[in-house]
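One structure coming up, written as C-alpha cells, with questions to follow.
By letter and in written order, the chains are A, B and C; residue numbering begins at 1 in each of them.
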C-alpha cells in the first residue's frame, strides 16, 4: 500500500462517473412505465404470489395478515402496519404508492409489491363475439 | 500485498476487528434508520475498518474482518441479518481486494470506498431478493446506489486523510508491515 | 500496458457500458405501451368496450360512446325519431348514413340470393330475439311477414331511401359494424396513436399500443363454451365481426333458434356453421359479410369474401375450425 498524499485521482473520477450514470438510469426507468392505471398489490410469500389485491376495487380487504406481517391497504397505497420481525424495517418503510415500489419483511420472507393493472397483460386486447 | 505473520500484525488485526464490531454496534445504535432513506441503509463506518485492514494487512485479513462482522450480525440481530451482512460484505471485500492494487496509482481511497459501499449494498440487495424470492426488491437499488455514493464519499475522504498519517506511525523505521 | 492505454481502455469500457444500457433502455421504451384509457359501458343496447392509447392518456372514451349513441339515433328502428323508424312508417326517409348503408349492402344481398336482406324487419319483429317478446312465431305469421321482405324494392337515390308500402328496414345485422366505422374515423381524426374498440363484439382496431407497432390481438369467443376463447387473430388494423348461433337464441322442443335469420325462409339459417368471424377493412362490410357467410356456408362464402378482399375464420358445429384468406389466426389448444 502506498502512502498517498493526493485526495483525488483519475480512477476515482471514473468510479463516480460510472456509478452516477447508473444511478441516473435507474431513476429514469420508471418513466418507461405507465402512470395512470389502477393499482394492484401483490403479496409474495417465499417467492410465490399468494394473493393480489385490487386497490381500485371498493370491496378490497382493508387488512391482511401474512406470516406475522399485518398489511394495510387503501386506495392510495399499502403499508405494513405491524410485524413480528426484529428489525421492523418493513413497518418503517411506510406507505408505498407507486407501481414498482415494494415493502419487504425479509425475515418473514414476505414482500408486497405494487403493480399497475395493465402491466399484467392479457393474452388478447379484445374479444370478438 | 503480503504481510508478515508477526505478532504485531496479529495484534493489529485483533484491534481492527474489535474496532469493526464497535463501529457496527455504534452505527446501529445511533442511527437505526435514517428517516428519508430506505431501511437497511447504513452509514458504513465499519467499512473504514475493513478497507484499512485490506490496505494494511492484505486481502485475507480483510475477509476475516468481513466474516467477523457477519458473525456479529448473526449473533446479535439474527440469521437474516447475518446472511445479508455476509453477502454484502463478501462482494464489497472482493471489490476492495481488486481495487487496492490501484490505490495510490489510479485510485485513491475515495473511489475504492464509493465502489465498495455500492457493492456492499448490491450484495445485500441480491441477498434480500433471493431470500424473498422476488425481483421487485431490486427497485430499492437506485436509492441504495445513490446513498452509497454519499456514504462512500464520506468514508473515502476520511481514509484519504487518515492513511498517510497512519502509515507514518505504523512504519516508523520499517519498510513494510 | 501504458498509462495512456489504460485510460483509453477504461473510457472504452465506460462508453460500451453506456451504449449497452441505453440500448436496453430504448428497446424497453419501444416495447412499453403508450398510456391507455379504458372504458366499459352500454351503447346501442349492447356492451361497448374501449382501449385507447396515446403518448398522454387519452380522454376520449366518453365522447366516443356519444358518437355511438348518435349513430343509434339514426339507424335504430326502435327509436321513433330515427330516420329508419320514419322509413318503416312512411316508406321513405332522407339520411346519408342510411342511404350509404343500403347501397353498400345491396351487392351482398344479391350475392346471398336474398338470404341477407335489410328489409327483414317484419320477420325480425316476430321473433324479437333479445327482446321482451322473444318467441317462436307460427308458420303462417312468418309467411305473411315474408311478403314484405324484398331487398330489390329498397332503393337509395342520393340521400333518399325508399321502400315499398309495409316494408320494414332492420339494420341490426350491420349496426355494430357501422358504429365501428364511425368510431375509427372519429378517433383517427383525434390523432391518437392507437386503439381497439368493441361494439357488442364487433371490433375495430387501428394504430398500435406501443412504439414498436405491435399488432393487436383479437380473440374470438368460443361458440360453445362461454368462458373460453377459440383463438386469437393478429392484425395491425382492421375490423372484425363475428356471427354466431350462440349470441341471441332460445331453445324450444330441443331445437335451438338463433338470431341469424335467412330472409328467404324467415327462419334461422340452416348451416353447418356455428360461428363465422370476418376480418375486413370496413366495419359495415365485416358485419354484413359475417352474417352473409353464415347464411351461405363455408364453401359459397369464399367467392364473396374474395370480392371484398376479406378473410374469415369458420367454425363448424362439429368443432372444426378453418380459415380463408389473409388472416393470422391461432387457435388455442383445447
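Note that in this section a contact is a pair of C-beta atoms (placed from the backbone, for glycine too) under 8 Å apart; a residue touches a chain by one contact, two chains touch by 3 or more.
Predicted, not measured: the structure shown is a model, and the values here were computed from it.
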| item | value |
| --- | --- |
| Centroid-based (C-alpha) most distant chain relative to subunit A | C |
| Central chain (distance from its CA mean to the mean of all protein CA atoms) | A |
| By number of C-beta contact pairs, the top two chains | A-B |
| Rounded Å distance between subunit B and subunit C, as computed from the means of their C-alpha atoms | 65 |
| Distance from subunit C to subunit A - Cα centre to Cα centre, in angstrom | 41 |
| Separation of subunit A from subunit B, taking each centre as the mean of its C-alpha atoms, in whole Å | 27 |
| Sequence positions of subunit A contacting 2 or more other chains | 10, 14, 22, 29 |
| Overlap residues in subunit B, where contacts from two or more other chains coincide | 106 |
| Of all residues in subunit A, those that touch subunit C in their complex | 10, 14, 17-18, 21-22, 25, 28-29, 32-37, 118, 123-129 |
| Residue numbers on subunit A that touch subunit B, as the complex places them | 1-16, 19-20, 22-23, 26-27, 29, 44, 46-48, 86-87, 89-90, 92-93, 100-102, 104, 106-107, 109-111, 113 |
| Of subunit C, residues touching subunit A in the complex | 7, 10, 14, 17-18, 21, 25, 28-29, 32-36, 38, 49, 51, 57, 196-198, 201-203, 205, 209, 216-221, 229, 232-233, 240-242, 244, 247, 277 |
| Complex contacts: residues of subunit B adjacent to subunit A | 1, 33, 38-40, 55-56, 77-78, 80-81, 84, 100, 102-108, 110-111, 114-115, 118, 128, 131-134, 136-137, 139-142, 145-146, 148-149, 156-157, 160-161, 163-164, 167-168 |
